[in-house]
Amino acid sequence: DYQMYCGEEEISEQFVKLNVGGQRFMLRKDTIRRRGVGRLLDLINKPVADSNADAFFSSTSEFYFERPPSLFHIVYQFYLNGVIHQPSNLCPVDIIEELEYWRIIPDQYLASCCCAQQIDDDDEEVEEQDKPNLFKTLRFGEIRRCVWNIIEEPASSGKAQAFAVCSVVFVLISISGLVLGSLPELQVATKQRNNLTGEEFTEMEPMPILGYIEYVCIVWFTMEYGLKMLVSAERSKTFRQLLNIIDLLAILPFIIEMLLLIFGISTEQLRDLKGAFLVIRILRVLRVIRVLKLGRYSSGLQMFGKTLKASFRQLGMMAMVVMTGVIFFSTLVYFLEKDEPASKFHSIPAACWWCIVTMTTVGYGDLTPVTVPGKLVATGAIACGVLVLALPITIIVDNFMKVAETERPAGGNRYRTSQYPKATKSEQMILKVT
Amino acid sequence: DYQMYCGEEEISEQFVKLNVGGQRFMLRKDTIRRRGVGRLLDLINKPVADSNADAFFSSTSEFYFERPPSLFHIVYQFYLNGVIHQPSNLCPVDIIEELEYWRIIPDQYLASCCCAQQIDDDDEEVEEQDKPNLFKTLRFGEIRRCVWNIIEEPASSGKAQAFAVCSVVFVLISISGLVLGSLPELQVATKQRNNLTGEEFTEMEPMPILGYIEYVCIVWFTMEYGLKMLVSAERSKTFRQLLNIIDLLAILPFIIEMLLLIFGISTEQLRDLKGAFLVIRILRVLRVIRVLKLGRYSSGLQMFGKTLKASFRQLGMMAMVVMTGVIFFSTLVYFLEKDEPASKFHSIPAACWWCIVTMTTVGYGDLTPVTVPGKLVATGAIACGVLVLALPITIIVDNFMKVAETERPAGGNRYRTSQYPKATKSEQMILKVT
Amino acid sequence: DYQMYCGEEEISEQFVKLNVGGQRFMLRKDTIRRRGVGRLLDLINKPVADSNADAFFSSTSEFYFERPPSLFHIVYQFYLNGVIHQPSNLCPVDIIEELEYWRIIPDQYLASCCCAQQIDDDDEEVEEQDKPNLFKTLRFGEIRRCVWNIIEEPASSGKAQAFAVCSVVFVLISISGLVLGSLPELQVATKQRNNLTGEEFTEMEPMPILGYIEYVCIVWFTMEYGLKMLVSAERSKTFRQLLNIIDLLAILPFIIEMLLLIFGISTEQLRDLKGAFLVIRILRVLRVIRVLKLGRYSSGLQMFGKTLKASFRQLGMMAMVVMTGVIFFSTLVYFLEKDEPASKFHSIPAACWWCIVTMTTVGYGDLTPVTVPGKLVATGAIACGVLVLALPITIIVDNFMKVAETERPAGGNRYRTSQYPKATKSEQMILKVT
Amino acid sequence: DYQMYCGEEEISEQFVKLNVGGQRFMLRKDTIRRRGVGRLLDLINKPVADSNADAFFSSTSEFYFERPPSLFHIVYQFYLNGVIHQPSNLCPVDIIEELEYWRIIPDQYLASCCCAQQIDDDDEEVEEQDKPNLFKTLRFGEIRRCVWNIIEEPASSGKAQAFAVCSVVFVLISISGLVLGSLPELQVATKQRNNLTGEEFTEMEPMPILGYIEYVCIVWFTMEYGLKMLVSAERSKTFRQLLNIIDLLAILPFIIEMLLLIFGISTEQLRDLKGAFLVIRILRVLRVIRVLKLGRYSSGLQMFGKTLKASFRQLGMMAMVVMTGVIFFSTLVYFLEKDEPASKFHSIPAACWWCIVTMTTVGYGDLTPVTVPGKLVATGAIACGVLVLALPITIIVDNFMKVAETERPAGGNRYRTSQYPKATKSEQMILKVT
């Protein structure tokens, strides 16, 4: 930092004197030149007559700008430090309008500490916007892009929208089929024979019609998934996306059954082999995965998912606390109650189930402590549960609010506007800027 | 934007120099003229002697105003941009008083981004205030207006108040009648005969006295509703209002019975027809609608209704998440528990009921999982429920606070005053302004 | 508002020019005189040499004060309007120190809109401080004041403290006696004879020792209450205080029994008269009132009580919503379930009990809906409960925070310090001021 | 406070005139000298040519600093009062950068009222950093320090990390052993003989292999604890730490058994003595303490512990309210229900259990009121519970947030940054300063 002795003359030469609404500011011309942007650049690069100021007071060599002085502080600080800090008491819309007047594009200079609330998956969104270009260099690129858009971008065309509606309908039909098939009224008794022992036994199975509907849905899902993988420009990336993994898991039972059929093995034969039977049961349970396909079409589910992702670390910590509490209290209550004949606490895992049900205040009442020390421990567990469960509530709510904010119309929420929930006019203004 | 070179002389001619409590502000006279309002207008339109300033310093040509400089920034910015932005650190009452001094009516110029929190149904209220005029052009306009006010505007006169009290009493009597009629102690056995089979059977029915009371109440409700529709100036609009739809539904069972009587059909005869019997049951259930009539007389219920309306979108999203969770976990638990003899999960809908009861931590315990995998799924469902249910709490609380704020004395809450819950003096001041 | 044309001379005569840390402020001498307080008064009343300013610049006739200009805005505005508005971005401790320097006692001038959060019962506290004087004009004033202090002001002396400890011990003993007396292990069978029919029957009664302890406690309570009423300076006011009403109710069963004894009636005789028997049961239930006597000695209970009092209106509104919801859903579920043989919804009041238990997510499971429509209504009730119960939580928490804040060391929380939870040093400073 | 009449000359002599970005500030040289720190010191101690200012305007004798004037207010106030008050509307990172420029080290001067949120255990941390020095003066100091670091400072070396992993594994194995040993499937029947009566009876005991695993774990724990106490530099302090007390309690049953063995007493013999039997049961229950050893290795548990510690006073108050409520409502319901044959409220303690279960909305349903007054009291208890339990939620959440904040990277959270959750860049900046 060098020093200067300046007379009034020298000051006018080296400095720009600003009169912003009556209040005076001074800036070295070097500083403005170094920053190299904004309306003030005209004051040093152009003759006074073209300086874009509202007036020039020749007696004091001041450039007059009819702007609010309180907001100019932000502009002034930007010229000094090159970053925009946002005072929390001023309206963000107001600040943006002011920066617009001074020809400063806020997005580039917002300080990370107090202005922008960037969300991690910003890059994801950006990537998605650039993806269509990937198809250009591929074989059948145009057709693949077209099919991809129909399947993955419902907003891109009428056909894509129709396809999305179709998909939702098939998902709903398939879920309904699953639910209805479980109703005893819609089940029929089928005779089964144990291949090993040869014994016959009847089993309740869903009506055949539900099976046919199921097949149609699965075929659609398989087609959808196959087509998507076929046309995808980045197959491995598409394959690894959560929603596509769900899609695959939803059709996996069907695919495996197909494969077995091809190899000439019917599921009826497998039923009698212990290990294979377990696989079949797991495959049957896997049918439930299709419910998660709804996540693709519901903004609520997606927001909830993002919230969970954002709260992952904190929820993990809380889970640790809950688990420790559960083991601690259930071990305690087990040792205190185990010798009581009326007690149902037959093992620590059984006590754990009681403890989870109690600490979350669900309280089924299927097993309850019967001794006085057991009840005292239960009181402790309840108190602990009430206290522990208060924490994730706040954590998740906090993160949910942040996620909800970033879901609003594009670009409108880069600034601290959480306090201004109904900024319709402002959002348009901000949109113009960003 | 034009440019000017100004000597001290020219400046005095084109500019107004202000000394606000020692701090200097400058404004072009054109800018003040363009805005066309406020105390500063006097400085350019009137001779200096009538300028309403606290002093004029001839040596510097400054108008002196003995006002706080920190608040004048808002006024200054108003003259520049024509809108009032409200810094969050300053007291809103203070700002309003200052604007009052400067003769600026804040309501017209408040920026939508940081000041006014307009509620959607403002127009509704405005409409209501203008409604009385509608009667002028109608036949029997004066009488209809008079009756309308008695029925719909309890605050308008003593008679209207008496009518409102009467209505509340009748609603309460009718609800009490319904509740008491369900007590076995107040029921009498009546002999019924099945018209088709001719079999006799006894049925418990409420005591006759309760039926008479019921009739009186229904007659009053019908009269009230009929009268209201008769005198209403905008019948179709009145008909479509939620509270009036409730009124209609509350008397519908009675009306239908009357109509059937007119056509010579007794409900006893209908009892034996399958379809008609269902209609009768539905009509009987419809009696409960009268409970909702209380909504007209309770500010708590109205606020809750408005809160629900404001949270509609978010609650819908959360309902979607809960529904998906319920179907997912109940399908899982069904498949895991269905082969267990001790288990009561006989179908997915039955498991759904368990899942709703569990995720909301109600936990009746009427059916609980008995296998270890089932209990693990239940733990997942409980965790999911605890996390999901944390969200609507915050959402609804947020919206409730906003609704509660707008319910305060008229006009007093246009400004960001949520931080100042006990602004009794300020409210009067604000009232004076708005 | 009059006008003036002032040369530099006149300005110095009529105005006080201030240079606060380099920033200029001006004030008319009349304005300072009108306000009549503070350090600025010296500038006009005393010669320049005694003006208490840090310096006087004769070239510009400015009084120099080496104080932060940003804080002087508050002082300046005080001289203009006579009230102190507190900007929310500045530290309250800082403001108070600044006002102290300017010799302005903040308590008198704080604007009600943004500074002071007066609590309603301030006057109560004030009254209490002045009460001792009331004894002066009474007969035996000094003795009565002395006894009063021992009973009612535990902090006044060692004896008073010992008395308070004694009272707490007696309350705890008396509660313990009540609790222990209910244990079957500590009860003895006593033979009772029905005076009318002459039949004998055995009844379990607490052991005699517990009865004696009970008597001792009651005698102490009666003595305490009698003494308090005897020496009270304002008997009717003391009588009407909530805590004293509780004290009276706690000894009422004993007093009534005494009165009956005096009139020669034993409770054994009354037992056989229907009406009197009810009175005895009510008297027995009244014993529980002594638990509330703990409220006098627990700050937690007092804060909870004050919180409830402050939330009264809102909780009332919410109670209305809950009650309407309970009646609505229980009527619905009753009509839907009443014809189901397995259902336990025998009447609407029974359904109300279920509905309360369900909406609050307690969920005993003693009665649950069994039909599908009943379960759907139950789901609605649960959803309604979850939403409604979210509201009082926020309301009560809000009010609790306010109450908790006012309970801190005297005077330290008059200002908006909720954001500064650990203001130990500041509290001392504020204490010095207030 | 002395007075001065100053001409322009004298002012330049006694005062430093500052032009910060166009805005003027004045300070007495004495004031700067008294403070004795910061960049302004150069202005009075060094010749103008070395003053480190950006410029010097000889015409007005002003030192020019090209810094934002709004932030200089903080610096100015620091020179006056010697403390730094932090306006809440400005970005803390911005303030710190500015103070850095002015060469003021913020940590020393932050006002306790609005800046620093010191946590109580700061001194603890400081102490811990200085502890290694304690070993220097001890016998075998270097070896002891080395062993200590391996046991207590997992981050100090690879060996220490391996030791920590080992410890966690042993804790987990020992907990798993405890849990598995309770499963009936993993238990074997052992014949026991009552030494006094000589009767034989079978008892279920964990499989021997689990006992051996248990012994290995206990030996490790004992070794770990013994070693730690052996090498500790401050034995009594180490002994009194909560985590070490837990370690001791976890091995206590084993130690006592060893001691008994040494004295030739087997636990089998003690089993028949009433008092000794109780001791054995307590020792068995003490095994659960090992679960708490997890607290040493989980940041979630530690944060929860600190949160509880910070909320201690408030939770105690709430516990008092809950206890009073429990006793009040359970006494009430006992007196109202005791004469009902169907009621299970056999004593007040039994009713207390019901009341706790009800007020926390757990609602097992193992005992429920059956009379109408009992149900009304239950409704009151539920309402009371819902209201009371809302309070600790907020309290604990508040304190948890504060604890969570102080757990972030060192020094990064000394300033009010709770509003800026994603201050990655800023944290680095702040780190540089502190």
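All chains are identified by letter, namely A, B, C and D, in their written order; residue positions are counted from 1 within each chain.
Keep in mind that, in the parts below, a contact is a pair of C-beta atoms (placed from the backbone, for glycine too) under 8 Å apart; a residue touches a chain by one contact, two chains touch by 3 or more.
Remember, predicted model here, so these are calculated numbers, not experimental data.
Contact with subunit A and subunit B alike is made by C, D. Matching A-B against the pairs in A-D, A-C or B-D identifies A-D as its interface repeat (over half of contact pairs the same by residue number).
Simply put, subunit A must spin 90° to overlay its Cα atoms on subunit D, rounded in steps of 5.
The distance from the centre of subunit C to the centre of subunit D, with each centre set as the mean of the Cα atoms, comes to 31 Å. Centroid to centroid, with C-alpha atoms defining each point, subunit B and subunit D lie 44 Å apart.
Shown for subunit D are the residues in touch with two or more other chains, namely 23, 88-90, 349, 361-365, 393-394. If you check the complex, the residues on subunit D that touch subunit A are 19, 21-23, 48-59, 64, 66-71, 88-94, 97, 175, 178-179, 182-184, 281, 284-285, 287-288, 291-292, 294-295, 298-301, 303-304, 307-308, 315, 349, 353, 356-357, 360-366, 389, 392-394, 396-397, 400-401, 404, 419-420, 422-426, 429.
Partner subunit B is touched in their complex by these residues of subunit D: 88-89, 361-365.
Residues of subunit C touching subunit B in their complex: 1, 3-8, 11, 14-15, 17-18, 23-28, 31, 73, 76-77, 80-81, 85-90, 111-114, 117-118, 314, 316-321, 324, 327-328, 331-332, 334-336, 338, 346-349, 358, 361-365, 368, 372, 375, 379, 382-383, 386-388, 390-391, 393-394.
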